[in-house]
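Heads up, the next two complexes both have chain A, just with different partners, chain B and then chain C.
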Partner chain A sequence: MQPVPNISAYCLISPNKIFLDGQIIFEHPGSAGIFLDKTYDHLDFPYPKFYKMDNLCKLGFLAVEILLKGRSHEKKYSDSETGLVLSNSHASLDVDLKYSKTIHSGASPALFVYTLPNIVIGEISIRHHFKGENAFFVFKHFDGNFMAEYVSGLIENKLIKSCICGWVDILKEDYRAILFLVETGGGENKLPFNADNLNKLNESEHG
Partner chain B sequence: MSLNMDKLMYKLKEQIIERLHLKDLKPENIGDDQPLFVEGIGLDSIDALELIVLLQQEYNIKLSNAEDGPRVFHSVRTIADYITANSGALKVTT
Partner chain C sequence: MRNVYVTADNIFSPLGKNTFTNMDSLKKGITGIQLHKTNISPEPFYASLFSPEEKRDEELITYFERIIINSALDAMQQIDFDPGNKKNGFILSTTKGNISLIENLSDENIPENRVSLNTSAGIIANYLGFVSEPLVISHACISGLLAIITGMRLIQSGVHENIVISGADLISTFIFSGFRSFQAISPGPCKPFDAARDGISLGEAAATIILSANKTPDAILLGGGSVSNDANHISGPSRTGEELFLAIGRALNQAGTHADEIDFISAHGTATRFNDEMEAKAFHLASLSEVPTNSLKGYYGHTLGAAGILESIVTINSMRDNIILPSFGFKTPGTEMPVNIVKELKQEKLNKCLKTASGFGGCNAALVILNY
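After this line comes the complex of A and B, so read on.
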């Protein structure tokens, strides 16, 4: 019998607000950079490398941190059993533009290393020791149909048992992340993992 | 130790913290002879590249031989020594 994947939790980060499972858990005024750094302070865990990340990485990194907080995820799954499938519309343009400004005055290696969107997957994987299947797609809009089909395929083919998937996008002050924790186990308060639910949650103002 | 050397090392610590986004550190937290990489401050290879750019931009010094990197960037003092040895009339402003 094929395992049935569910959405165990979902996290939405939109300008100056964070929602977990539809409930607001944090808000703070200020620019994207200030808001992301304040969110890190609020979560109160030591990870000095956070400050080196570009804003796309910070956004995805924090969303995953919130999604997994208190879930003992790493105890439930081995390193290779959790996948990461992310998407956005601006790729790494936010940091690409910052990097391009440094080229004539001495290109910054620290910015250059973030000029690919899938670096956010690397930062999350390093933090949580994930070694499962991963991919980063660039679409014009969030595509729940594609996401549901792709992740379900990974699970049905027994490549992974859980997955963090969704949308992580930022360009200057316009940012939005909605990430879903997908697991094959049962439990309370879970939604079936399918395109309808992904699209519905994505279109909901509060996730 | 000369006053100029002390000022240069303090300035270097400020620049390293700002340039490498070491927001959890203050200049006082970095020892003059503390290793900057791995077991010390914990800098990595990308940070090393950023330090090379820092030397070029702030002190107009190019690391002529890449193999010198580990020795030059061992600590704040070794960087300061390299700057002193490779700049004509170094003037440190605070």
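After this line comes the complex of A and C, so read on.
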């Protein structure tokens, strides 16, 4: 019998606040753009590519950075053993609106490349050398049932051993990310990885 | 694990409104790519497009949604599909959906809800009569293949008994201007894997494939599928092809087969210099260099969210007809790693085939299709 997957950590980013495993770890006033840049400054590591990213990528990138900080995740798993399964409601509409304005005045390739929601998976993969299974789904609301079913299937079929899954959504000033680190085993604060726990953590105010 | 069978399909493209008429055109060597002068771009360009007279939004249904509805209805009618059963699902694959609705509008006039992919999926699923919640996949150029792989997994795990998977994209100013800004558009019709290849041609289409846990008389089934990421660059493919190779290896493994048993490959073959080279390297790593291979982009252009579904359907119907279609637009080998690109229509018994796709964000997908 295979070991049951657990949630070893979860990170919630909602306007102007960040929570890790339910505990607030950072807050800063200002617009979405300012808040995301301040979070990057706070994390204090050099990654100049961050400034090229659109806000959806920045949001997902930072949530994963916080989720994996100090965990030596890349030492525990080979490149292809970590999956990335993300979802949201607005796809890439936030940057679509910005790109759309450049169409008639010299279309911007630097913006166009971000007009696909799965680019956030690409940015996270480049940073952490994740080469495993990945998928981007669009839902009206976070769907813990689907997420648990899909990710459990990938683990059961031995396609991955760990997964970062959840929700990364932004449209203008309205943003929310809740990402879960799923592993077979996991740390001391582990919770069973199932639909109930995903939905419960998503609905609780502090992640 | 349960077997997953292909039970019905439709291709709705400028070459025809059902799979039969499309296969007929392909066998005759007809391409949908032509020079177009439209309001999509100030300059004329080569692409495979629906006629402007056809491309009209209705009051409640956009043309994007209409072509998916027509495609899905044709496939569903072939097998008397019951959308009223909760175990029967619907997946929509698209990169940009109704994106043309936001062009030329100021921020306060943007119909945020109407342009949402969830809204389109809801309208389509409702029109078709589904009672289960539709699933939307938007994953760049692998969307269609990932939708099939996801559908396969949802049947294997017992979530669904039958699943309708439709994909589509229309070429708007938004999409065309973006690819042009990347200097990715070929000045002529695209030439996948050719020495003189110089970029993509875009194309419009909808396509639908229906998967089932129940065996069908002709028993085409999905053996296995996998997805990987290059972890290298968001807009350029891997330099080594190792990650597509990784996805191919897992798909073959899941299907319980080996490279030497693969009879045919339907490649992504966008006709950019880097994509085709990367694929050639991946096929080399997978010991698939000598397997007859084609790209269908020379007939349809790059149909984005429809591509993986449309090209899988052509592969499946090639298996039914025991033919290999030539790679339209290919004359002279032009990849560093040699690949066996098919130049002429061949009669061949096809038992095991491979379909691949790659896209922005560094994503790759591979699917093994079996004929028993």
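Simple rule for what comes next: the second predicted complex is superposed on the first by the 205 of 207 C-alpha atoms of A that agree within 3 Å, B and C clash if a C-alpha of one lies under 4 Å from a C-alpha of the other, contacts with A are read in each partner's own complex, and residues count from 1 in each chain.
We take it that a residue touches a chain if its C-beta (ideal position, glycine included) is under 8 Å from a C-beta of that chain, and two chains touch if they have at least 3 such contacts.
None of the values given here were measured: they were computed from a predicted structure.
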Legend entry - Partners on chain A (chain B, chain C) - clash or fit: fit
Inset, instruction - Report for A:15: first if it touches chain B alone, second if chain C alone, otherwise both or neither. - result: neither
Inset, instruction - Specify the partner with more touching residues on chain A, choosing between chain B and chain C. - result: C
Legend entry - Partner chain(s) touched by A:48 [first = chain B, second = chain C, both, neither]: first
Inset, instruction - Using the touch definition from the top, say if A:185 reaches chain B (first), chain C (second), both or neither. - result: neither
Legend entry - Partner chain(s) touched by A:79 [first = chain B, second = chain C, both, neither]: second
Legend entry - First (chain B), second (chain C), both or neither touched by A:123: second
Inset, instruction - Give me the angle at the C-alpha centre of chain A between the C-alpha centres of chain B and chain C, rounded to the nearest 10 degrees. - result: 80
Inset, instruction - Classify the contacts of A:105 with the two partner chains as first (chain B alone), second (chain C alone), both, or neither. - result: first
Legend entry - Lowest inter-chain C-alpha distance for chain C and chain B in the superposed arrangement, angstrom: 6
Legend entry - Common ground on chain A, meaning residues reached by chain C in one complex and by chain B in the other: 106-109, 113
Legend entry - Residues of chain C defined as touching chain A within the complex: 1, 95-97, 99, 102-103, 107, 110, 112, 115-118, 121, 135-140, 146, 150, 153, 156-157, 159, 173-174, 177-182, 226-235, 243, 246, 250, 254, 359-363
Inset, instruction - Note which residues of chain A are touching chain C in the complex, please. - result: 79-80, 84, 89-91, 93, 96-97, 99-100, 103, 106-109, 112-113, 115-119, 121-123, 125-126, 128-140, 146, 149-150, 153, 157, 159, 171
Legend entry - Interfacial residue positions of chain B with respect to chain A in the complex: 19-24, 42, 46-47, 49-50, 53, 56-57
Inset, instruction - Mind listing the chain A positions that touch chain B in their complex? - result: 46, 48, 51-52, 105-110, 113
